[in-house]
Structures are given as C-alpha cells and as structure tokens.
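In the two complexes below, subunit A is the common chain; its partner is subunit B in one and subunit C in the other.
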Partner chain A sequence: MAGLIEIVLGIMTAVGGFVDVSELTFAAQAGSRFGYSLLWVFALATVGIIVFGEMSGRVAAIAKQPVFCLMRQRLGVSLGLFTLIASIVVSLITCAAEIGGVAIVLKLMAGGAYLIWAALSVAALIVIVWVLPFEWIERLFGLLGLLMLAFAAATVALHPPWREVARGLVPQFPMHLPGGDRLAYGYFAVAITSAVLFPYETYFYSSGAIEDRWTPSKLPVNRLTTGVGFSLGSLLSMGILISAAVLFRPVHVDPREPATVALQVAVPFGRPGLLIALFGMLMAFSGAAVETCLAAAYSLAQFFGWPWGRYRKPAETPRFTLAWIAGFVIALALVLTNVPPLDLVEWSIVFSIVVLPLTYLPLLLIANDRKYMGRYVNGWVANGLGVAFYAIVVVAAVGAIPLYILTSGGQK
Partner chain B sequence: MSKPSLTHLCLIVVAAGTVASAQDLDKAKLDQARSVIAEAALLETAAARGRVTQTYAQALRDTLREDLQKLARSPQFAATAHAALTALDRHDAAALAGLRDRLVARERSHGRAD
Partner chain C sequence: MTPDGAIKVFSELRDLQIFDCEDQLCGICDEVEFEGEPSQPLKVAALLVGPGAYRGRLPGVVFWLVRRVAGDRITRVPWSAVEHVTSRISLNVRAEDLGLGREDRRLRPLIEKVPFA
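Up next is the complex of A and B:
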C-alpha cells in the first residue's frame, strides 16, 4: 500500500510540476499562431524527456551519480567547466523567468506592483526551501500545481475539433506557409523541444533521486514517474496549445503573457475557474523557480565535489546553501532590471537547447557502461531511443540561435 | 553607363538590407499592434460577461495600456493606439474588435497567412 501511495504521489508530483512559464507561453503562442500543427513536436519531445529522465533516475539509483559528477568524469574538466557555466547561466535565466511569472500571477490575483511581488516571492521561496525537507518541497509545489489541470478541463469545455487535433499529432512541416512563417514554425518547433527537455529537469530529477536515497528497488517508481507522470504532464501542455487554437487564433490574439493564457480557463469556467488556474500557475511557476535554482546549486556543488543536498542541514553544506540562496538573489536582480518576462523566457529556451547536447551525452555514455550500471545498463530500446533523441537535440541546438535571430524570437 | 564599382554594390546591398529590415520591423509592429488590441477586445468581452475578477481585469488593462502607449510612440500606429486606449478606458469591446479587424485587414494586405 505504501509503495502504491509513493508511486501515485510521484506521478502526481511529476504532472503538477511539468508545466512551467516557458511551456505555458510557448504552447499558447504555438496554438494561436499555427493551430494544432505543432502538437506532434510536443508528443515527440515528451518521449525524449521520458527516455532521458528515466535514464538519469536509473543512473542515480544504480551508479549513485548525479548528472554533473558524470559530466566532469566524461567530458573532462575544461568542457565540463564550460557546460557548468552555461548550465548555471541558463538555470538562473530560467529561474528569473519563473519568478517573473510568479510576480505576474500575484499581481493578477491581488493587484499591487510587479517588482514588489517579485521580491516578496523570492523571500518566501528562500524560507520555504530553507525550512522544508526536500520531499515536501517537491510535493508542495507538485501537488498544488495539479490545479493546472483546470487548463485540461477548459480544453474539453471549449469543444475543439478532435479530428483536426488528431491530425496535429502527425509529424508535418507547413510548406504552404510563406518563407518567414516557415522559419517561425521551425523556431517554435525548436522552442517547444527545448521547453519540454529543459536541462534543469534532468539535473533536478537525478539529484532528487540521490536526495531521496534511491536504490535499485526504486526503479519501477522511476519508470512510472517518468513514463506516466511526464506523459500526463505533456497532455496538459498540449491542452494549453489546443485551447489557444480554439480561443485565441480566431480572434487574432498572440498570447505573449501568462495573464492572457489564463483567459483560456476564465472563458469557459468564469471567475472560480480563473482563480483556480491562477493559483495552479502560481504553484507551478514557484516550483519551477525552486527547481531551477536548486539545479544550479546542485550542478556547482557536484562539479566541485562540495557536500550538497537538502537532506543535510544547511550548516553541513555551507557552500551549497550559499549557492542556492545566491541563485535566487541573482535571478531576482535580473527581474528587477525590468527585463520583460517573455524576453527572459525566450533567452532561457534558446540557450537551454544549446546546452542540452552536453548534458545528455555523458548520461547516455554512463547508462551504456556496464562497469557502472551492471545489469541495469541500457537495453536496446533505451539505447536506440537515446541515440535518436540525442541526434534530434543536436540538430535543434545547431538551429536554435540562427532561428531565434532570423525570426526575432518567432515574431516575424 | 559606367560599370558599378564595389562601393556602389555595397551601398545597394546595405540599402536593400535596410529596406528589408524596416519592412520586417513594420510587420513585427503591425503584428504586435493587432495582438495587443485583440487581447484588449477579448479581455473587455470576458469582463463584460463577468468571466474575470476586477483585480485581474485591472492588472491586464494596465499591461495592455503600457503596450499601447509604447505603440503610440510610433508615428505609423499612433492614431490606432490612441483610439485603442480610448476604447480600453471605456471598456468598449466592440470598438476594440473593430480596430483589431482593421489591423488584420492591413496584415492580410501585407501577405499574412492564416
């Protein structure tokens, strides 16, 4: 019974923590701009995060190695250091984007000034991470983030044309669009891939497995959490895209802010629905802010071999503790410069995909190494999928920055 | 007629690039204006039907007002942006929808594909 509860909680936490500010805004913009035709990218990228998420959890449980320890071993110090710096920069920009999202939602719920809400929310998040044990941090935001399911309910209530939706799941490239729009389609495809496969997710997931002291007995939980939890989370993101295609596309709205996306729930369910959606967004973005900030601190501590982990008291891990607090402060400083939150989201998306190949390569190598993994080494399915998705990620990484520049972040 | 020198060719390329980027800029601004005004129309429709809270509507109006004020600084969009600001202050969804439709028509004449 306890095992079943653990599995259900793990899946629910994965669902509630799946959507963050980047996925929300990019899914809504993709639906508004290109209808259902980018759904297949979500489906494909979800298989990718399931494959690499499962691999990172398995490596953590068997080899007892989180991603950044592997990176230093496999990539060497120079390339490892480059990846470390790039990952930290990306995690902090992403954290700033999430904090911006939290502040926007608080302003929508209670009024007041955006920057004051940003500062207050960072103070609250620091207290929460300091006080709560790791398991509760995960569950608090993951379970309350399930209120985002209001978006899934809204999708059903908006009665989308399901046959057209199903057609969107078939891989396609809209050759009928003018050149500029085709480039923008490519940019959105790369951005969605990046938003689903964010590198911080594997850093956080594998470090979390070590925080929770996973052993081989946890491998079924790992498989179900990644397989079922990430799939359901992705369905939620797809629901946001579908609702945007139904609600925003006919009236020519390109939803560039979480505030606008919340209308997807307000239109069918009115004020109660709106408040539930806003609270769900608050929890989902807060959870992602905590994950990105901790991911940056985990990376730093693991790379330099410092004691780390929220299962230890802060006094036992002074450099790690200082790192995550500094992470929050730096992310807040970025928000306080008044950079538009959507710019932060776009930068985090573009630079994340550039870092991804360096994140996934050592993981793929270790998961294939019988010396570390013993009988839990990658099977042919995991290996085939791992190599295929690695190739996709490399192509997306190469195309990301040129597409961002050519389309001005998808705006052309 | 003399052969064009390298300097002439460079000037032509730079001028063409400038014209292209100016057109891109206009298209991006037009897209932005259409979306902001469409958003305002959707918000006012939802607010009129009691679908959103007052705090939410006010916060989103503030954001949209800022966006429209930025647009009003551009000579090409000043008149439309001012008209949209007036309609937003009056919570006039129909007027905002009318302005949106005019911008959509302008976008279509610039080759926008739906």
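Up next is the complex of A and C:
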C-alpha cells in the first residue's frame, strides 16, 4: 500500500511539476500561430524526456552517480567545466524567467508593483527551501501545481475539433507556408523541444533520486514516474496548445503573456476558473524557480565534490546552501534589471538546447557501461531511442541560435 | 600489473567521488600522484584533491582564472587511506583527519547562526 501511495504521489508530483513558464507561453504561442500542427513536436519531445529521465534515474539508483559527476568523468575537466558554467548560466536565466512569471501572476492576483512581487517571492522561496526538506519541497509545489489541470479541463470544455487535433500528432512540415513562417515554425519546433527537454529537469530528477537514496528496488517507480508522470504532464501542455488554437488563433491574439494564457480557463469556467488557473500557475512557476535554482547548486556541488542535498540541514552542507541562496539572489538581480520576463524565457529556451547535447552524452555513455550498471545497463530499446533522441537534440542545438536570430525569437 | 592495467587505474580513479569512513562526500579525485623510478613498477602514491590539481588538466588561461577564483590549494590523500574503489572511492579515515572539507567546516558556524539551520 505504501509503495502504491509512493508511486501515485511520484506521478502526481511529476505531472504538477511538468509545466513551467516556458512551456506555457511557447505552447500557447504555437497553438495561436500554427494551430495543431506542432502537437507532434510535443509528443516526440515527451518520448525524449521519458527516455533520458528514466536513464538518469536508473543511473542514480544503480551507479549512485549524479549527472555532473558523470559529466566530469566522461567529458574531462575542461569540457566538463565549460558545460558546468553553461548549465549554471542557463539554469539561472530560467530561474529568473520563472521568478518573473511568479511576479506577473502575483501582480494579476493582488495588484502592486511587479519588481516588489519578484523580490518578495524570492524571499519567500528562500525561506521555504531553507526550512523544508527535499521531499516536502517537491511535493508542495508538485501537488499544488496540479491545479494546472484546470487548463486540461478547459481544453475539453472548449470542444476542439478532435479529428484535426489528432492530425496535429502526425509529424509534418508546413511547406505551404511562406518562407518566414516556415522558419518561425522551425523555431517553435526547436523551442518546444527545448522546453520539454530542459536540462535542469534531468539534473533535478537525478539529484532527487540520489537524495531519496534510490536502490534497484526503485526502478519500477522510476519507470512509472517518468513514463506516466511525464506523459500526463505533456498532455497538459498539449491541452494549452489546443485551447490556444481554439480561442486565440481565429481572432489573431498572440498569447505571449501568461495573463492571456490564463484566459483559456476563464472563458469556459469564469472567475473561479481564472483564479484556479492563476494559483496553479503561481505554484507551477514557483516550483520551477526552486528546481532551477537547486539544479544550479546541485551541479556546482556535484562537479566539485561538495556535500550537497536538501535532505540534510543547511549547516551540514554550507557551500551547497550558499550556492542555492546565491542562485536565487543572482536570478532576482536579473529580474530587477527590468528585462522583460518573456525575453528571459526565450534566452533560457535557446541556450538550454545548446547545452543539452553535453548533458545527455555522458548519461548515455554511463547507462551503456556494464561495469557501472551491471545487468541494469541500457537494453536495445533504451539505446535505440537514446541515440535517436540524442541525434534530434544535436540537430536542434545546431539550429537553435540561427533560427532565433533569423526569426527574431519567432516574431517574424 | 600490466601497462594496460596501470593506465586503467589512472583513468578510472580520476574524477571519482571520495567518501570518508563515515560515508560523507568529501571531494573529487582531481589528480593522481604516482611514484617510482625508471624501469621500476609505477605505484599510485596519493590522490590529489583541490583546484591546484587542475594544473595540466585545464588550458593555461582557464587554470589561471580558476586559480584566481578558487585558489590553488591541493589536499593530498595518501593511497594507504583508500579502503576500496568502486564507482566511488571509499576512505578508511575521516575527512577532517586529511584536511578535506576544510571550507565547509569554516563556513558552518556562520550558517548555524540562522534559525532552522
């Protein structure tokens, strides 16, 4: 019974923690601009995050190696250090984007100044992470983030044309569009891949598995959490895209702002729906801010071999503790420069995909190393999928920056 | 030990996590120190931990930057203090007996002043 509760909680936490500000805004923009034709990218990228998420959990349970230790061992100190710095920069930009999202939602709910809400929310998040152990942090934001299911309910209530929706799941490239739109389609395809496969998710998931002291007995939980939890979370993101295609595309509304996206729930469910959607967004963005900041601190501590973890009291892990506090402060400083949060979202998306190949290569190598993994080494399915998605990630990484520049972040 | 074996020991020790006898993570093996004479068998003398051990592993400019930020301290872990090596290195002594984790011990009193630390 306890095992079943653990599995259900794990899946619910994965679902509630899946959507962040990047996925929300890119899914809504994609639906508004290209209808259902980018749904297949979400589906494909979800298989990718399931494959690499499962691999990182399995490696953590068997080889007891967090991602950044693997990175150092397999890439060497020079390339490993480069990846570390790039990952920390990306995590902190993403953290700043999430804090910006939290501040926007709080401003919508209670009025007041955006920058003051940003500072207050960072102070609150620091207190929460300081006081609560890892399990509680994960569950608090993951379970309250389930309020985002209001978006899925709204999708059903908006009665989308399901046959057209299903057609969107078939891989396609809209050759009929003008050249500029085709480039923008490519940019959104890369951005969605990046948003679903965010590197911090792997760092956080694998570090969490080590914090939870996973053993081989946890491998079924790992498979279910990644397989079922990530799939359901992705369905939620797809629901946001579908609702945007139903509501915003016919009237040419660009839902770049989270407030506009929240209208997806307000239209079918009125004011109560809007409040639930906003509260869900608040929890989802806060959870993502915590995850990104902790992911940056985990990376640093694991690379240099400092004691780390949120199962331990802050005094037991002084350098790790100072690292995550510094992470929050730097992210807040970025927000306080008044950079539009959506610019931060775009930067984090573009630079994340560039870091991804360096994150996933060591993982793929160690999951194939029988000396470390014994009988839990990658089978042919995991290997085939891993190599295929690695190739996709490399192609997306090569195309990300040129597409961002050519399309002005998808705006052309 | 065959030359192949010796090279394998070297490549598989570097960058592994080091845990002390109380199962506390206390560093990463940044470099391996060997001892021996020409025509004599080469032996592992110690594991080197700390940013100073990156010399030779990082390009010159990068090492200069690392040294500016993190210093160039090296802590030497004698091979005799190694209990066994698997996917990690386990020691048979406490970290503080070797001078590992010094920074954390220095910072701990500051953190402990904050409630719930």
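A few comments on the model shown:
Basically, the second predicted complex is superposed on the first by the 412 of 412 C-alpha atoms of A that agree within 3 Å, B and C clash if a C-alpha of one lies under 4 Å from a C-alpha of the other, contacts with A are read in each partner's own complex, and residues count from 1 in each chain.
Here is the rule we go by: a contact is a pair of C-beta atoms (placed from the backbone, for glycine too) under 8 Å apart; a residue touches a chain by one contact, two chains touch by 3 or more.
Everything numeric here is computed off the predicted structure, so don't read it as measured data.
Superposition of the two structures on subunit A leaves subunit B and subunit C fitting side by side, clash-free. When the two structures are aligned on the shared chain, A:Gly179 is found in touch with neither subunit B nor subunit C.
With subunit A as the corner point and C-alpha centres for all three chains, the angle toward subunit B and subunit C works out to 130 degrees, nearest 10.
Using the contact criterion defined above for the overlaid structures, shared-chain residue A:Glu257 touches subunit B, although it does not reach subunit C. In the superposition on chain A, contact is made by A:Ser408 with subunit B only, not with subunit C. In the superposed model, A:Leu274 lies in contact with subunit B only, and not with subunit C. In the superposed pair of complexes, A:Leu108 makes contact with subunit B only, with no contact to subunit C.
Remark: least CA distance from subunit B to subunit C after fitting both complexes onto chain A is 36 Å.
Residue ranges on subunit A touching subunit C, taken from their complex, read 63-65, 69, 72-73, 76-78, 80-81, 130-131, 303-308, 313-315, 317-319, 321-322, 372.
Taken in their complex, subunit C has these residues touching subunit A: 14-18, 24-28, 30, 49, 54, 57-59, 62, 66, 87-88, 101, 103-104, 107-108, 110-112, 114, 116-117. Here subunit A touches subunit B in the complex through residues 107-111, 176-178, 180-181, 248, 251-257, 259-260, 262-263, 266-267, 270-271, 274-275, 278, 408, 411-412, going by the rule given at the top. Residues of subunit B that touch subunit A in their complex: 24, 27-28, 31-32, 34-35, 38-39, 41-43, 46, 50-53, 55-56, 58-60, 63, 97, 100, 104, 111, 113.
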